[in-house]
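You will see two complexes here that share chain A, one where it goes with chain B and one where it goes with chain C.
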Partner chain A sequence: MSDEIKPDELLNKIDYGPRSDKGPGNWMDTSVQIRPGMYCYAAKAESVETLGLPNARPWNPLEEDWKLPENWQEILHQGMKERLEKFRTFKVFMDICVRCGACADKCHFFLGTGDPKNMPVLRAELLRSVYRNDFSTAAKILSKVPGGKALAGARPMTMDVLKEWWYYFFQCTECRRCSVFCPYGIDTAEITIMGRELLNLLGLNIDWIATPVSNCFKTGNHLGIQPHAFKDMIDFFVEDIEEVTGVNVEPQLNKKGADILFITPSGDVFADPGTYTCQGYMILFKYLKDKYGLDVTWSTYASEGGNFGFFTSHETMKRLNAKMFAEAKRLGVKWILGGECGHMWRVINQYMDTMNGPADFLEEPVNPITGTKFENSKSTKMVHITEFTADLIKHGKLELDKSRNSNRTLTFHDSCNPARGMGLLDEPRYVIQNCCDHFYEMPPNTIRELTFCCGSGAGLNAGENIELRMAGGLPRANAVKHVHEKYGVNSLATICAIDRAALPTLMDYWVPGVDVIGVHELVGNALILPGEKKRTQDLRFEPLPGFEEEDDE
Partner chain B sequence: MKLKQAVKKNKELFIKKWFQATINTYPAQSAKFLGKDANRFDNPVGATTHETIEDVINLVLDDFNQETLEKALDPVIRIRAVQSFSASEAVSFVFALKKIGEDILDDSLIREFDTLVDQIALASFNKLMKCKEEIFLLKATESKRRIHSAFERAGLVAELKEEDLLGSKKS
Partner chain C sequence: MNQKYLIPLTAVFLLFLVAYTGVEGAGLQWFFGIVFPYVAIIAFLAGFVYKVLGWASSAVPFRIPTTCGQQKSLPWIKQNSIDNPDTSTGVFVRMVLEIFLFRSLFRNTKAAFNRNDSNKLSYSWEIFLWVGALAFHYSFLVVVLRHFRFFTSPVPSCLKWLEYIDGIVQLGLPGIFLSGVVLLAATLYLLARRIFDVKVTYISQAADYFPLFLIIGIAATGLSMRYFTKVDIVSIKTLTMGLATFSPVIPEGVGGLFYAHIFLVSILFAYFPASKLMHMGGIFLSPTRNMANNTRAKRHVNPWNYDVKTHTYPEYEDHFREKMIEAGLPVDKKE
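Let's turn to the complex of A and B:
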């Protein structure tokens, strides 16, 4: 008997998960190393306080003591229990993973960082190992059998485990590429969402999320810009557009009784190069107003389409989202049109209706110019602007001069949420191809449903974690580099505000010479406004093709 | 000359072993995936590492200088510069060549080969520093480029101009 291997020894030899190269032992025993460049700063106490979220205090992830309440384990256990009862998906996802590994090498963070704990299966396992320890009956029974503990993969919630949760749940952009490959359809984004929600019960948010959320709650947008400054920026765009086109495109703000309310991420109003996309919307609305009498209003209250509450907790997401319907009701519009944004559309398309609906005071959206019923928005009453513009183009309602964008050779980056979260794949491509002549797709395994994330979504577009962002964005940049070298692509078009903010830096590092541009900036350049002067410059005040010399003089 | 001939003769073996040694600087479970001969868009780290190693070997068989060596090393160092390796870990893969050389080459060539590896190592240090500097510069100018410049154009703020900050990149 004595020279035979005991069952638990045998089981301990099974290689069922990544091992550390620092020596023997399995991944669950390796404590986390929080590395500068890979993590975001801790949430400021005052930002956590604004929303009345728990445990607001200054803390530093690099310090030993995270200043947690004494009963933090109990809080987490209770929090997990409540959520397992409340969210059926969470419970199912905790139970059904068979660790087949199909998702393992599909994550941009794993592919870019080479850190095995960024394999989606392992990121989920961080939570699942505690679930097995605390909640799973099967795992509890199994752990009583010799060797069963290793097989069950259960571990108790310790400070090391908590730190690991925090480090890795903020190394996931909730892009859902992994879920496309999961034979069970497990949505790892939802696991990250739950992980972050649990961390927030202990006040463990990051500041790049907490402060925008606090700003948004107080002033209506993530940057905390007040209504008068919002108006100042719009006025400034009006002046710039007039200089380029000779037409005053002044939009309507907070107009009661308008037909359509337009909401876009604040990044379009305040951050380059989104500001040029914003000018594209303004040119489009002016064109539609003059030609067809379309009555669109902007709002200084609903001045944010994005929703960083989504990266905090369901409750916070709901609170920030509420202003969209509230403002639509106050202004008495028929339906809502939404700008180019990423996660904003996952919130609208998948949660808004159940969170803050039904919006029975709004009409089912119909394009008043073409008569098209927007079936996809029947319930939410909110239409994506590329669907709207594509419909106008399809019906020949826009006069576009493609040659004004002919200095650009484009490719299109599918933003994760519109692509995987709402199936918006062809509309932006249709708009792009009607606004310019030179368009090339990136390789098929990097676009559409299989698109690679920018690496900076879900609140991770901070400065301090730039190495993580550059590593996470590598698979995307690698595909851009390919079309840049093969077809001379010099412009990366996108329909997401975070992309517009994050991708220029990513391109600077990996593929210098590629510019980032919003789809409606292309529209703004190509659209021939009634009564416009001869245009010689684009919206960035760069000479239009054919006018380069004139500009030099 | 003798050395180049010997390396040339064993080129495929050098590439294979050096690639494996480089991939083995990642944790074992990651190395399994990164070492796979997958589509270059499904496995950018593996594919880029392989191509770079091939390019560097080809280059040292030909005429090269510090500049061309740094250029050839760029793709792989650029990746390792953002992968939470320490500086020494990031360039450690170059030193793996010494052991590979010892296993493959005749003893009489080792001294010369080690000198060659030293040259590659020095070029790697240079490249790593340049990548790190690029990252710091991007970090320093990014938020200004994003938000400040829009406000600046709108005349809502007046401070240092964007060019003042970016100037250091051009100089």
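Let's turn to the complex of A and C:
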């Protein structure tokens, strides 16, 4: 990544006054320039084939010919028509925008790039301009009177428009921040979801989405970790944890008749620093097993909490998500517990029961240790791990030694989906504050429902689009920098696996010296396991506070 | 001059001239005073209903509110029951606040990037759009309601009260109605924003300028009739009552300015359902605002949910059985 753009060069590009190369013309007339660093590679044919999705073939976005089916315009037209009937959101959002501009400077991609087509309103107008051309009777009538064409604001679907769609619908992370400010609640995530569904009808996915989807379908998780390898990885963690704590925390896999099925994103099993979060879960479950006899199982078949199908189409989302309930049914558990992940929780909270429910073979979730009924999940029967842990802490069921995290000064990054597609705001904060001494919030306009995306969500966490990611993550990083300088914050806590994968790069780029840490890594460090040895290291094998010198010698 | 606003401006000016000269020159009072208003009202009602029914006929497959506050969770965690409602009461309050107070717009901020100093991004509260929008909509509402005095006889007392309050600032003769002045000022502000805020200029289409110019035209002709040129109110009421009672007449002594006014109003009505102005109806149907965030507690049914091909556990086990057995993982079928 030596040809990577420097932070200063990137900052120099930012200008919120849209520059139009061709004077004050209409944005509709400027054609798109697909620029390396800003786009992700095209989906591999074999990944598209796994799920039998349309038009699998090798293609390259930089080439003139995208190898589309001959009737591609017809396919898109029919696709739009069908979706306008199936989704009221789509139809209403196509009609009612007044272009007031309230959303314009709310998007992290606009704030980081200054590209006017990253204003949420224009991202939607990319679709609307074609919608008005193809579906609006009014626009058709208007086009017949003099000047009416301009008044209609419509344009036909051309190859240029298609390329523009592809470029900009893969520059949106479906974070919904704009939707908080829109007076009509127009949700660009919904627009992007529709846009990507339409693009997928022509086989125009990106590989960073298509290959995880294919892996998840076949092997049970995005990373394509096969069952025996999954077990190997877990075994590594068991060894590491034993080295740190002296306790063997070996979890159960695919165990029938367990109380609870636990599902977390496979990223937590695969790459640092997510792996430490994963170890945190394992320590917690061992503690609960030894102290209270709680029987938790993991699954290799449903070994993915995340759902890149969500970034492909509603149907693909459903096909991948089906595993969760299917596995819970097969194993005969009482309810499901879900790990720390962003879009996974939007899918569970707003889609899963509707798509793949009813989960009538499960019980309404009750925490057997505290007796708390999780009223808010009594239909879907899936509980978020921070809801679960917060409940345990509140009832004094966990023995936590905060001082083991006292070398960390923390702030918390609300992940977009749990914040704006769920409202999980205070649970993680409660857990964090019970596991550490030093916690500072970022400025109010950048947290909770106003949180800024990591810039790499919705399948955009690839390597080849690094400029896009660093630009999109700028508003987040800028707020971290603020608390880093003001309070000496050195750790950014998060409850999302994509964050754990994306934010370390972002921090190194904009705010060196800030670690990214999952909330349950903090729990894993603080939790005092029955029979543990005197801990001198944290889960990262770094010395605990008070043991630094020993380690240096 | 940008053609995005040149065309709508010219259009409104021409529409004004068509009506004015049509009446003053060609004597087409019956067309601009009777035929077109009826046509416009029919187009408005039919178009509005058509549009709303069209939206309503589309399914709502998923419950996807945008949550803007703490969810209902553990009993000791305080829920934000308006911005993240889990009951229909909460949704109702949220919708009332959206529809009557433009709550989401109230949150508006303005981002600024300070390149050379600290490279800091900052966000400041930006309330003017909210104030302008609120002023515009409410003054327009009052103006519309006040005009019902032309279509009712006797004039209901609630309208008289409204006029009394609207005219509470006693200034000149005839007394100033605040609503008319505020309407013109707010519309000019919204227009100025479109022209001078570069971001808004960039996103604006001719369809954004047209209704603004049209409303400015309506307000200007209305204000000038009331305060400057003066018109024969009694004759006008004869005409409007005729329209309201379906026994239209064209009275004597009403000039072209009035017909231009009523023609521009008719154009606005006819254009309404075909335009972005339908946000008036659409806001009620926006699924990110009018639904409760309780899908995990209460199942939402998708009317078109269909079965899909999944990769089942037996298929998965068949694929990996040997490796699973070797790794000591439990399997359902041992060969």
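We adopt the following convention: the second predicted complex is superposed on the first by the 531 of 553 C-alpha atoms of A that agree within 3 Å, B and C clash if a C-alpha of one lies under 4 Å from a C-alpha of the other, contacts with A are read in each partner's own complex, and residues count from 1 in each chain.
Assume contacts are C-beta pairs under 8 Å (C-beta built on N, C-alpha and C of every residue); 3 or more make two chains touch, one makes a residue touch a chain.
The shown structure was predicted, so the numbers you read here are calculated from the model rather than taken from an experiment.
When both complexes are overlaid on chain A, the residue A:Thr113 reaches chain B alone and has no touch with chain C.
Of the two partner chains, both chain B and chain C are touched by A:Asn445.
Contacts of A:Asp105 after superposition: both chain B and chain C are touched.
When the two complexes are overlaid on their common chain A, residue A:Thr275 makes contact with chain B while staying clear of chain C.
With both structures placed on the common chain, the touch criterion links A:Ile393 to neither chain B nor chain C. Shared-chain residue A:Asn478: touches chain B and chain C both.
With both structures placed on the common chain, the touch criterion links A:Ile495 to neither chain B nor chain C. In the superposition on chain A, no contact is made by A:Leu503 with either chain B or chain C.
More residues of chain A are in touch with C than with the other of chain B and chain C. Legend: residue contacts after superposition of the two complexes on their common chain; A:Gly153 is shown touching chain C, with no touch to chain B. Within chain A, the residues touched by chain B in the first complex and by chain C in the second are 17-18, 20, 104-105, 111, 116, 119, 232, 443, 445-446, 474-475, 478-479, 482. Interface of chain A with chain C (complex): residues 11-12, 14, 16-18, 20, 24, 26-27, 52, 84-93, 95-102, 104-106, 111, 116, 119, 121-122, 125, 136-139, 141-142, 147, 150-153, 176, 179-187, 190, 217-220, 226-228, 231-232, 253-256, 300-301, 314-315, 318-319, 322-323, 326-327, 330, 348-351, 353-355, 357-358, 372, 374-380, 382, 387, 390-391, 394, 419-427, 430, 443, 445-446, 448-449, 474-475, 478-479, 482. For chain B in complex with chain A, the residues that touch the partner chain are 26-30, 33-34, 38-45, 48, 78-79, 81-84, 134-135, 138-139, 142-143, 145-147, 149-151, 153-156. Considering their complex, residues 2-4, 7-8, 10-11, 51, 54-64, 66-78, 80, 83-84, 86, 98, 102, 104-105, 107-113, 115, 119-121, 123, 129, 133, 193, 197-208, 210, 273-279, 282-283, 285-289, 293-302, 304-305, 308-313, 316-317, 319-320, 323-324, 326-330, 332 of chain C touch chain A. For chain A in complex with chain B, the residues that touch the partner chain are 17-21, 35, 37-38, 104-105, 110-116, 119, 223, 229, 232-233, 236, 240, 270-272, 275, 443, 445-446, 463-464, 466-468, 470-471, 474-475, 478-479, 482, 501, 504-505, 508-510.
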